[in-house]
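Below are two complexes that have chain A in common, paired first with chain B and then with chain C.
Up next is the complex of A and B:
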């Protein structure tokens, strides 16, 4: 049992390393992905919040001052980079649609773990490289940030990432039955764009929608970790995120397993 | 006479490509609906953001909720037109460079930039255009005191907006010829485009100047929206018209420059 776990761990570490190496191969591409994009997003959101406060003629919105919103915009952009999966989901779909999955399903590993480890490896290196920016910016501009809460916030975001991967697994399983499904990825990510709190802090939504949306596991991607760091949410509310993600993982993994099994049984590898 | 003949040739070529795209899109009927659904989520994201913000403030920049709805309606219409005619072509350019498919286009006896820009139309997105148009009409109607004669400005300004989006996107896409793998530069375009998805009035004056001139994403929606919502101002109408030939010239120069770096990838 111990030995098989060690093999499992070693194999998955190798997948994660593979993702790190292959992403760092094209450095300009990676630099844009990890640093430039979230910086631009932050810039756009910061300008929006300046305009909102100017129009509101008030010092606080929903009980928080402008600095809290600027801090949210800063951290939100970087957590959103971690919590979103485009590239690997497209690859998973492509793998199934093109039939190149044949070479993966004959190996002694699962398709799910192969891509999960790669996704986690890629996000791990992205976190290390990109997190310097919000930390330094928050320090220079003295934005409300509780630095001691950052590690736990990152843990929740990575836990949520497993849920994101499970959704990618479900979407890619549909590729066994339908040929063109990349727009599913776009639709799903746009929906998550709203539900994670990347666009605006979820506590600005009027009740009762606010409560429902925050209770969903998707708020663990951006709103809860960023809210925790910027002191918008309490420790108890933040910990609730782990519970909702766990429930989401159980339900979606079950659905994923069923769809995958169904998809594999209808799949014919051509061996091209 | 020769120009007319060339224009006629390119027009009939485009019609043939559009027809071929339509037939190919009909092959994947489910895709028609998923593409519409995708954009519905995008529209919902945009509308929700501003509706939630206006729940806490009366004005953003110098526009109220009703004016912002018109701005979003115009954004949806212009974006849908861009997506139908141009987007897919430029989106796939990076892939064409990597796989060597660009060779096939370069070898054809027509302008390569024309082929790269307009070879494929995404006719599935005509539904999105209808949705966006519907939202625009609804938002104009809810304004109350809107002068519908101002809609004529759109005949001039929407094509200008399309050329501005096209030119900027083209420069990002054509960079794939130089860097080979530049997917994230394409994502970077999305971030730049996002700046133009917000009204120019919400930005600081120096930044507003930049997005109206140097990186003219502010021209795409903000200026047509101003033409609809405010009495016409000469600068806001004339500037997009002046910008169009300048940008088209620059894209052509950039394309020729980028091609110098191209080494065929096909075997």
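Up next is the complex of A and C:
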């Protein structure tokens, strides 16, 4: 039992390294992805909040001043970068629809763990590299940030990332039956854009929708970690995120396992 | 064929092959010599495909209602394959060779029937089973496209829980035999087809599989490269004695490597026996003054196949 767990860990560490090694083969693409994209997103969000405050002729919205929204925009872009998965979900779908999954399912490993470890490895290295942007910006512009809360906020976001991967696993399982489903990814990510709190802080939503949406596990992607760092969310509310993600993981993993099994039994070993 | 599914006991024609398992997932405790390692019983697979008639009108109609046809890719196939044999699987395009290979390797689940490979149902993908097999699909990459072969092999060593130092040594040995040591550190996507196939072969053999499924391993290669790979495989199987199921459209591959021949036609096995017997039988049916070699017999068989289709 001990040995098989050690084998499992070594194997998954190797998958995480694979993500880093293969992404660094294309250095420029990687740095645009890790640095330039979050910088652009931050710029757009900051401009948006400047415009909102100027247009509304007010110093506070929902009890928070402009600096709080600028800080939310800055950290929101950083956490959203961790909490979304386009690239790996597209790859998972492509593996199934093109049949290149053949080379994975005949090996002693699971498709789920293979992509989860790659996603975590990729996000881990990207988080370290791209974290310089919000830390330096928050320090230079003196934006409201509780730095001591950052590590725990990142832990919640990475925990939520497992849920994101499980959703990707469910979406990709559908590719066994429908082949072309990249539109599902786009539609789902647009929905998550709102539900995570990437587009705007979820506490701006009127009740009772606010309570429901914040209770959903998706708020653990952006709103709860960023709200925790920028002092919009209490410690107790923040910790509730771990509970809702755990419940989401149990339910979605069950659904994913059923869909995967059904998909594999209908798989025709596409190509070759 | 008898089988108790969850693991205490499995028996396949108990005279030939007996295997006892402990708890689910453990390795077999013993095998008899000259065992049957692959056995199928009425193994069948039906594929359902969407039919799209020509034109925009039919595309619009297809949004609401689609027509599907069923095609029997493999029909009630019964096989027994002994360990250590090299089986040449020959048939026309679409005859069911690759479908059979994919079912025996666990890629595809059968529509009906049963199969045991090394005592496991392949499509259950038990890790112990997967550790003992390898499949090489000549038209598909098995290694990682964006990294160098040595990085791929290091990853495979982790997946199959191999000793890293021993794996490196094995890679060097296999690369020397295939004369391709100079490209081990080049990104896979930058290699020529021949070099890539050599890398794929090393990857497939790294964990010393007991059963090796080779689907068109020399496809698209020039004559010299085909011969190199053929010679390499011949030496390898002589030394390691894995059971090999080989499909190829190049009859030299089959004639050089195969102990036994499986001829497949429209999803049915139409001949099982040795290559020599097959040629002798075929010659016996010809006029007295006519003698043909293996390649010619197969060519005639495939021609007849395509006419019947």
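Heads up, the rule we're going with is that the second predicted complex is superposed on the first by the 270 of 272 C-alpha atoms of A that agree within 3 Å, B and C clash if a C-alpha of one lies under 4 Å from a C-alpha of the other, contacts with A are read in each partner's own complex, and residues count from 1 in each chain.
By definition in this document, a contact is a pair of C-beta atoms (placed from the backbone, for glycine too) under 8 Å apart; a residue touches a chain by one contact, two chains touch by 3 or more.
Predicted, not measured: the structure shown is a model, and the values here were computed from it.
Trainee: State whether A:32 touches chain B only (first), chain C only (second), both chains, or neither.
Mentor: first
Trainee: As a test of reading the superposition: which chain, chain B or chain C, is in touch with more residues of chain A?
Mentor: Result: the larger residue contact count on chain A belongs to B.
Trainee: Looking at the overlay, what does A:21 touch: chain B (first), chain C (second), both, or neither?
Mentor: A:21 contacts chain C only, not chain B.
Trainee: With both complexes overlaid on chain A, does A:251 touch chain B (first), chain C (second), both or neither?
Mentor: Neither partner.
Trainee: On the A-aligned overlay, A:105 touches which partner chain: chain B = first, chain C = second, or both, or neither?
Mentor: In the superposition, A:105 touches chain C alone.
Trainee: Looking at A:128 after the superposition, I want to know if it touches chain B, chain C, both of them or none. Which is it: first, second, both, neither?
Mentor: After superposition on chain A, A:128 lies in contact with neither partner.
Trainee: For A:178, select first, second, both or neither according to whether it touches chain B, chain C, the two together, or no partner.
Mentor: A:178: touches chain B, not chain C.
Trainee: Per the contact definition in the header, classify A:265: touching chain B only (first), chain C only (second), both, or neither.
Mentor: second
Trainee: For chain A, which residues lie in the overlap of the chain B contacts and the chain C contacts?
Mentor: 26
Trainee: Residue numbers of chain A touching chain C in their complex, please.
Mentor: My answer: residues 7, 10-11, 13-15, 18, 21-22, 25-26, 99-100, 102-103, 105-109, 264-269, 271-272.
Trainee: Write out the stretch or stretches of chain B touching chain A in their complex.
Mentor: 28, 30-31, 34-35, 37-38, 41-42, 44-45, 48-49, 52-53, 55-61, 179, 181-185, 187-188, 191-192, 194-195, 198, 201-204, 207
Trainee: Taking the complex as given, what residues does chain A use to touch chain B?
Mentor: 26, 28-30, 32-33, 36-37, 40-41, 44, 47-48, 50-53, 55-56, 61-62, 87, 178-181, 183-184, 186-187, 190-191, 193-194, 199-200, 204-206
Trainee: Give the list of chain C residues in touch with chain A in this complex.
Mentor: Touch residues, chain C against chain A: 47, 98-99, 102, 105-109, 123, 125, 127-128, 130-131, 133-135, 137-144, 146-147, 151, 154-156, 158-161, 187, 215-216.
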